[in-house]
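Both of the next two complexes hold chain A, though its partner changes from chain B to chain C.
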Partner chain A sequence: MLWLQFMSGLQSAAILFLLAAGLSIIYGVCHLLNIAHGSFFMLAMFLAYSITEKLSSNSDAGFLVALLVVPLMIAIIGILVEVLIFRHLYKADVLVQILPSIGLIFLAADLVRGVWGLESRSIDTPSWFSEPVAVMGAYIPGYYLFIIGTGALVSVLVWFLVNRTPWGLLVRATAANRDAALGLGVNARWMFTSVFGLSTWLVGLAGVLILPLAGANPGSDLDASVDAFAVVVIGGLGSIWGALAAALLIGMVKAFGILIVPQFTIAFVFILMAVVLLVRPAGLFGKLS
Partner chain B sequence: MSIASSRQSGRGRGGLSSIRFAGLLVAGLTSLCATVAGVRAEDAIKIGVITSRTGVFALYGTAGEQGIRLAADEINKSGGIKGKQIELMLADTNSKPEDAGRLFREQTAQGAFLVIGAVASAESAAASTLAKENKVPFFTTGGYGRFLTEDAGHRYFFRLAMNVRGFYTPLARELAKKPLRKYCTINNDYEFARDLNRSTLAVIREGAPDVSVLDGCEFWVPLGTTDFASYITAIMSKGPEVVLFSGLVGPSARAFLAQAKSFGLFKIVLGAHASMGNPANAAGVREKDIPGNIFTAGDYPYPPVDTPSNMAFFKSYKERWNAMPMSESAAGYTTMKFVAKAIEKAGKLDREAFIMAAEGLDIESPAAGRITVRPFDHQSTQGVWTGNLAWDAKDDRAGMSNIGFVESAEFLPSAEEVAKLRSSPTK
Partner chain C sequence: MPASSPARLRHVGTVLVLAAGLAIGVFGRETLLVQATDILIFALFALSLNLVVGQSGMVSMCHAAFFATGGYVFGVLQVKYGWTGVGGAAAAAVLAIAASVLLALVIGLLIIRVSHAYFIMLTLALGQLVYIVIWKWHSMTGGDDGLIGIAGVPGLQDARTFYMVAFVIVASCTALLFTIARSAFGHTLTAIRDNPLRAAFIGVPVRLFRLAAFVLAASFAALAGVGQAIFHRGMFPSSASFITSADALVAVVLGGTQWFFGPIVGAITFKILTYGLPHLTDYWLSCLGIVIIVVALSLPGGLLSLVARIDSRWRK
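Here is the complex of A and B:
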């Protein structure tokens, strides 16, 4: 049963990583705190719902389409938001940067209310994953394994992008020392836009993946933002690997905490956050500036 | 949640252009902030309406408000109350008790004769306190909490909606008859759910004293939680016979069912949720996620009750709002009709005369038939339907099967019991 608990924690961690990684990357490279991050997540869920449920007769095929298309749609929206709004604010004060994010939160929330209404929207778990799979003696729902697998695959992909491509080199250089990198001729404009695209693609993927389990809910934007911030604060602002480590840590602490000391469930993440911040004020992988 | 607190639809309070822009967009998209159309005649009867239109109870509050507005429109179209039109004053509480209190004060100051709250229990409690202080009648359409008409009940508080006892009493008695003794509980963490869970277990133990909640198998999750995997695996490792999850509401209830289905939880245990028959609680539940063995109850069941009054209500509600009516819609509709009837009976706009007229007065509820407001606690005699959670294919949403109706006499406290509860303020 501990193994089953471990796997359920791993599934939570996979979603948390996809949800939070983009927030961290955007901060690391662009020095921008995008508090509307959760709104992209919510929008992805509702878009995926419409594509799966309304636009296709076969919900399995619809889900596959949503899985491929919705993260791209969210990335395009992210890029548009960067080009139209945030691009003009990189040099501005943090408070000035936050205000348009708040505006975005309102816009997205009311768009969802207007288009999809107030009821939760949900889709069936794709039928390919409806059977539990025996893994080391425990029966684990197929779809959870799919989420874990996708999370792992995307982590590797992001690692490859950041560590093995020319683009990644520029991203790392900019994250390490922004002024020096820009001074040496890194095309910041294009770089920031592409970082926004990747980040919002990741959060879009998180939204589509979790939709069959969680459902699309009008209030999920703020909940997702809070979760993402917890991951980023624990992992260290700006660090992708910090986000991965923190997502795994939160997933495991929650999974085993729930089993062992359920009465403290609500406090787990905050206790973890407090402990990490006491020991390492910049988060696990963060650097104090 | 400080972000949510500033989410005021369409007011554009700050001087910030982006927020104001967002606000304008809201106005355009939802038109919810528009005051109800109608002649602002000098002698219109002003009725305050506070609604949890945004925040965690948005679905419940909006349904209640839509029911109230539908009834008010019908009354106004057929000539108003003794020739006077009803003018509704609408406001959003953001699902926050402190806002409910503030808005209650504002609306009373602006001349509301009485206030109807399309709000949940905590907001109802805040408004109820002010109703008592200011001697202004307050009606709730979504506050199911027992204490509202019992321990904390008073002359100025009314409830046409059901008392939560209706949800859990028949269900708990039914559970007590089963030879199942090992329970796990999982609920959203808020006061109403805590009371519901406590009360359900108390009634079960009246019939089966040896029922116990397994050690470490009592879970409280934040409102809005949708990640249940670790809870479900933990429950499965404790090996219960029954899982009580009555206090999971909104997105949590649906997410829990879907994930329980993935793990096959309800293949091995019986599930009981006191109010999945309340349509808003089952919103988003999929046909495939419904196991056959979830015991539940509801005050506005699907498929809709096939009576002429309910069919008429169902049809006009759907036409007007392009949405399916919920329990709160029916309660709001009934409340508004009741208020009009009581004002008419009182014959004048006097609050004490209104209360005299309202006590013992009856009204047709769309689904529950004729219900009466009990003079001693101002609780209506709305009964409850019990059954199994099932798929209602015609309406394309979760509903109930094996439906049975339980009269309110089966679960409401008697006049003596109410008097006792009110004199000893221990919950």
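Here is the complex of A and C:
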């Protein structure tokens, strides 16, 4: 039982990390808080639903196609949004930066309402994962293991990108000291656009992965944003590994909290946030600036 | 502030708005009176938000929580506890504002020391929490069905009378907020907004002032919420939603945060857009979203900066 909850916690941690990492990276590099982050997540869920439905003759293949295509579509939308809107606001006041995000939230919510309506949409778990897997005496849903595996793989990939590639070196330099990096000739435009692309790709992947477990609703955008905010507030805004640690913490608190007080798992997350804020106002891994 | 004469513009604008407001009250038909009342309530709500946003430089995304708390506490006292009649309604309104002030104190104490980005995320998250509580506390708030059957105040049932009373109250609150904005307290808030570190060095208790602004703004938002409850004879969870907070923020920026009357201009413009756009297209929320993005990109100072710019050019 406890083992099952542990795996369930790991699964939700994987989703939370993919969801929040992008928000944190964008802030760390571009100094921009995109509160429309959850809207990309919701859009990914609905797009994945439609693609799987279109290929309903073979829903496994449909899911696979969605898994490969939807994150790319979301990344393209993210890049377009950066080029058309956010690129022009990096030097603006915080308040003016927030405004287009609100506009995007309205746009995405209205688009979803118009195209998909107000019902909840979900898809079946791909048949490869329909059998539970026996792990250390407990039967774990196979799809949990797939999410955990994908989350781990993508975390390693992100780590490799950031720590072992020339691009990652520039990202780290820009995050550490933006003005110095830009002064030394880092191509800011390309850097910020690519960071937006990667971040929205991650959030798109999270949206597709969660769809068989949780339906896509018109309210998924803000729910996802609040989840992502909880992760980055606890982990420290701008820190990828803070996001990973906080995702694990929240995942476990949710998984085990449900055993104690089933109705109020959300309250646990807020209490955790409040405690972290009182002890470390910049998050577990954040720097006070 | 731009180089033109803001005071002259302000005088002209105030006279125009007051005259138009009175004209609507005297000559307006029922539909217009209802819409104008709606605008009045929204304008007070936006104006109270600007005390936090424009004057103190804190971008709050949970202002709807205080608005809804005001309306819901008032409504619950009337519907569930029978606080009707003039005296009952007045007591309910006072208690409603007190409840909002208490909520603002709790939220404020938790988040007042965090920096910009954290402040935005936390206010948004806590605002959603209040929304979820209202949504799920069905026995008290009616949840999704809304809290209906709010009696309001005897003698205020007629649209024209209610509009006139709302007009007087909102105008008085505006004058009061204007006095606060121009007081030593208001100037200290501006100093903190412009440079918190320097303000702290000269001995200003930065957190205390920020908290005071946050709580004071919440009390005016709660009053607007009480107005909403009486106006609609009911409260609905959407009043606490992100959309409600965002609408007010958009109105504030649309009018111009650095102008005291910016939120009023923004609120009127915003409401006219939300009345007009649905007649033109089903996707009016998308249109509104695009308008918001365009304003942020091309007119970050708000409509009043534009007016001031045109005014100064015209007078040359």
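Assume the second predicted complex is superposed on the first by the 281 of 289 C-alpha atoms of A that agree within 3 Å, B and C clash if a C-alpha of one lies under 4 Å from a C-alpha of the other, contacts with A are read in each partner's own complex, and residues count from 1 in each chain.
Keep in mind that, in the parts below, contacts are C-beta pairs under 8 Å (C-beta built on N, C-alpha and C of every residue); 3 or more make two chains touch, one makes a residue touch a chain.
Bear in mind that the values here come from a model prediction, so they are computed numbers and not experimental data.
Peer 1: Specify the outcome, clash or fit, for chain B and chain C once both structures are aligned onto chain A.
Peer 2: Chain B/chain C on chain A - steric clash.
Peer 1: Have a look at where A:174 lands relative to chain B and chain C in the superposition and call it first, second, both or neither.
Peer 2: neither
Peer 1: Of the two partner chains, chain B (first) and chain C (second), which one does A:4 touch, if any: first, second, both, or neither?
Peer 2: first
Peer 1: Determine, under the contact definition given at the top, whether A:52 touches first (chain B), second (chain C), both, or neither.
Peer 2: Neither: A:52 stays clear of chain B and chain C.
Peer 1: Where does A:15 make contact in the superposed view: on chain B (first), on chain C (second), on both, or on neither?
Peer 2: first
Peer 1: Could you say whether A:114 touches chain B, chain C, both of them, or neither, answering first, second, both or neither?
Peer 2: Both partners, chain B and chain C.
Peer 1: Just to be sure I read the superposition right, which of the two partners does A:222 touch: chain B = first, chain C = second, or both, or neither?
Peer 2: both
Peer 1: Applying the touch criterion given at the start, work out whether A:24 contacts chain B, chain C, both or neither, answering first, second, both or neither.
Peer 2: Touch status of A:24: no partner.
Peer 1: In the superposed arrangement, does A:34 touch chain B (first), chain C (second), both or neither?
Peer 2: neither
Peer 1: Which partner does A:106 reach: the first (chain B), the second (chain C), both, or neither?
Peer 2: A:106 contacts both chain B and chain C.
Peer 1: Who touches more of chain A, chain B or chain C?
Peer 2: Answer, by number of touched residues of chain A: B.
Peer 1: Identify the residues of chain A that lie in both the chain B contact region and the chain C contact region.
Peer 2: Overlap of chain B and chain C footprints on chain A: residues 35, 99-100, 102-103, 105-107, 109-111, 113-114, 222-223, 266.
Peer 1: Can you tell me which positions in chain B touch chain A when the two form their complex?
Peer 2: 1, 3-4, 6-7, 9, 16, 18-19, 21-23, 25-26, 29-30, 55-56, 58-59, 62, 189, 216-222, 224, 226-227, 229-234, 236-237, 250-251, 254-255, 258-259, 261-264, 280, 283-286, 288, 323
Peer 1: Could you list, by residue number, the parts of chain C that touch chain A in their complex?
Peer 2: Contacts found on chain C: 53, 59, 61, 110-111, 113-118, 120-122, 124-126, 128-129, 132, 242, 246, 249-250, 253, 257, 282-286, 288-293, 295-297, 300.
Peer 1: Which positions of chain A touch chain C when the two form their complex?
Peer 2: 27, 33, 35, 85, 88-89, 92-100, 102-107, 109-111, 113-114, 222-223, 225-226, 229-230, 232-233, 237, 266, 270, 273-274, 277-278, 281-282, 289
Peer 1: Which positions of chain A touch chain B when the two form their complex?
Peer 2: These residues of chain A touch chain B: 1, 4-5, 7-9, 11-12, 15, 35, 99-100, 102-103, 105-107, 109-111, 113-114, 117-125, 132, 139, 141, 143-144, 210, 212-215, 217-220, 222-223, 254-255, 258-263, 265-266.
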